[in-house]
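Okay, so here's the structure we're looking at.
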Amino acid sequence: MHAIAPELQVAAWLNTSQPLSLGQLRGKVVAVYAFQMLCPGCVSHGIPQAKTIRSTFDEQDVAVIGLHSVFEHHDVMTAKALEAFVHEYRIQFPVAIDQPAPRGAVPLTMEQYRLRGTPTLLLIDRQGRLRLNHFGRADDMQVGAVIGRLLAEPLAQQEVHCDDTACSIR
Amino acid sequence: MHAIAPELQVAAWLNTSQPLSLGQLRGKVVAVYAFQMLCPGCVSHGIPQAKTIRSTFDEQDVAVIGLHSVFEHHDVMTAKALEAFVHEYRIQFPVAIDQPAPRGAVPLTMEQYRLRGTPTLLLIDRQGRLRLNHFGRADDMQVGAVIGRLLAEPLAQQEVHCDDTACSIR
Amino acid sequence: MHAIAPELQVAAWLNTSQPLSLGQLRGKVVAVYAFQMLCPGCVSHGIPQAKTIRSTFDEQDVAVIGLHSVFEHHDVMTAKALEAFVHEYRIQFPVAIDQPAPRGAVPLTMEQYRLRGTPTLLLIDRQGRLRLNHFGRADDMQVGAVIGRLLAEPLAQQEVHCDDTACSIR
Amino acid sequence: MHAIAPELQVAAWLNTSQPLSLGQLRGKVVAVYAFQMLCPGCVSHGIPQAKTIRSTFDEQDVAVIGLHSVFEHHDVMTAKALEAFVHEYRIQFPVAIDQPAPRGAVPLTMEQYRLRGTPTLLLIDRQGRLRLNHFGRADDMQVGAVIGRLLAEPLAQQEVHCDDTACSIR
């Protein structure tokens, strides 16, 4: 039993002409890489690994999304600073800015997914279920193996869906 | 359609109390890493990657076999030299010495698989079929992705097997 | 003939209780590493090399100074952002913020030394003379060799010093 | 006071048309890199560092010599195997084969210099004196710094030399 991954809560998007949602990406494996631009482990490891995922797999099969989840130094890791960072580091996949909380340092998506920090790699399967929530460094081969397995899983076949008035197959 | 991988032709084994065969490994994914001990790309990349495969996956799921396929400098890459190499480089998975040809420099398994050189990574699926024959450097994430996919494939279920007298399902 | 290195023009200092000057560092070899916090080559190469210089040589012999010479994205590479960066990247040597120009993007020290960009390594000998102005990546061994040579040079012995009223030997 | 480095005791040379001696290299800094072809630390670190020394400094200033000091697995680290190794690893500086001892595993140069193992870097100054005997991994910057210092030292000027019957200046 794997829970469906909740939608990302996003203040703004970079590198995409319109907002993305996990719902519309159903059918693909989705890699969400949470990072902060001033987090050394993100710069040295997380961002390069996100790029490697992007270049290793076909966009038809795997979506890659950066998630800028700022929980410290909010005053300098602004949207404007992030734009410069994304430009300088040649990040070409879509990047979501995690929605700041009304109060408290931890933004909403980070809170909902109970992320322990950055970098964190989330992997969501073709059926929209959260399958990996990995904080810190992960080996390329391990990440490749998990994505490979998720890609080999069949799409959800027919599911019986029931609401108040009826059950249907879709 | 993937052809069944032919059995390795082996002069001697290291790191195993008895000879292995692809047949007896059916049900596992098998990674065969062809190398030469004096091949720089094997030492810097192939052998470390073989070790990474070994440490990333469970032995119940993935078998790793080194294949010492000497096609040059035969006089110095002897069985004795290989033993020292395997010891010094702390290689702990089984290593097969490719059977030298009666004439010619290229040993028999290398010839049969038409390997282009070393290092070469062969991946064989749970049903014994050759699925990858990759010469040269391969990224860890790509290798992980292929193995992950192969692991996710179902074992051959019922197969019809025919011999001289009858056909049966098993 | 090597020209005396002009003094750094500094808006503010980090990691030091009082401002430094090249004049007061006379007698040591001084490594000034110009960088920008959002410059990938600085993060991946320049800053680590500056740290290696710091850990390789004795503070009695070699001074290391970071010089934040911002010539692009001024709005996000602020003093506050730099503070966070210096904290996160555990930079412990003194860092000078290059004095912005009254007009124009290039700050004053960068202009005076005619730096081509970041990262740039400046090496100043025990007598205060500029001996290296290297833009881009430099190998550790080369940098070590230059510093080693500079350390082996004798200190300026007697120097004639003249002011308005007299010349003296000291 | 630094002792004069004793001459290497060599069974055979590779990559040089005639034998070398430390005596004839007087005036240059000499880097002697002791290694064994089946020693992992030599292959991963020592040999690459020896190549970096070769490419960093001018041949007029610094001589680089490999010293194959075999103290284990003598039966497989033969001269023939070394030739293949030197060819495959594209080693282009002269390599000396340390003279085997009449009895005992440790060859004569290794014994005389009291090397603790391989890789070991020996640095000899312009006057032929042993200045560094470093066993194991050394950072590129440190090695560069030592060589840079040695290069900056003046050549021996006149030295008084005394033997049983007289003292002379030469």
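Each chain carries a letter (A, B, C and D) given by its place in the written order, and its residues are counted from 1.
Everything that follows uses one rule, which is that contacts are C-beta pairs under 8 Å (C-beta built on N, C-alpha and C of every residue); 3 or more make two chains touch, one makes a residue touch a chain.
If you want to know which protein each chain is, UniProt gives these names: A, B, C, D = Peroxiredoxin.
Because the structure is predicted, anything quoted here is derived from the model rather than measured.
Chemist: For subunit B (Peroxiredoxin) and subunit D (Peroxiredoxin), which third chains touch each of them?
Modeler: Touches both subunit B (Peroxiredoxin) and subunit D (Peroxiredoxin): nothing.
Chemist: Compare the two sides of the subunit C (Peroxiredoxin) and subunit D (Peroxiredoxin) interface and say whether they are made mostly of the same residue numbers, over half shared, or of different ones.
Modeler: same
Chemist: Let me check something: if the centre of a chain is the mean of its CA atoms, which chain is farthest from subunit D (Peroxiredoxin)?
Modeler: A
Chemist: How many angstrom between the C-alpha centroids of subunit D (Peroxiredoxin) and subunit C (Peroxiredoxin)?
Modeler: 36
Chemist: Roughly how many whole angstrom separate the Cα centroids of subunit B (Peroxiredoxin) and subunit C (Peroxiredoxin)?
Modeler: The separation of the two C-alpha centroids amounts to 54 Å.
Chemist: When you check subunit C (Peroxiredoxin) against every other chain, which residues touch at least two of them?
Modeler: Residues of subunit C (Peroxiredoxin) never touch two or more of the other chains.
Chemist: Which two-chain combinations touch?
Modeler: Taking the chains two at a time, the touching pairs are A-B, A-C, B-D, C-D.
Chemist: Touching residues of subunit B (Peroxiredoxin) toward subunit A (Peroxiredoxin) in the complex: what are they?
Modeler: Subunit B (Peroxiredoxin) reaches subunit A (Peroxiredoxin) through residues 52-53, 56-57, 139-153.
Chemist: Which part of subunit C (Peroxiredoxin) faces subunit A (Peroxiredoxin) closely enough to touch in the complex?
Modeler: Answer in residue numbers: 38-40, 43-44, 73, 75-78, 80-81, 83-85, 88-89.
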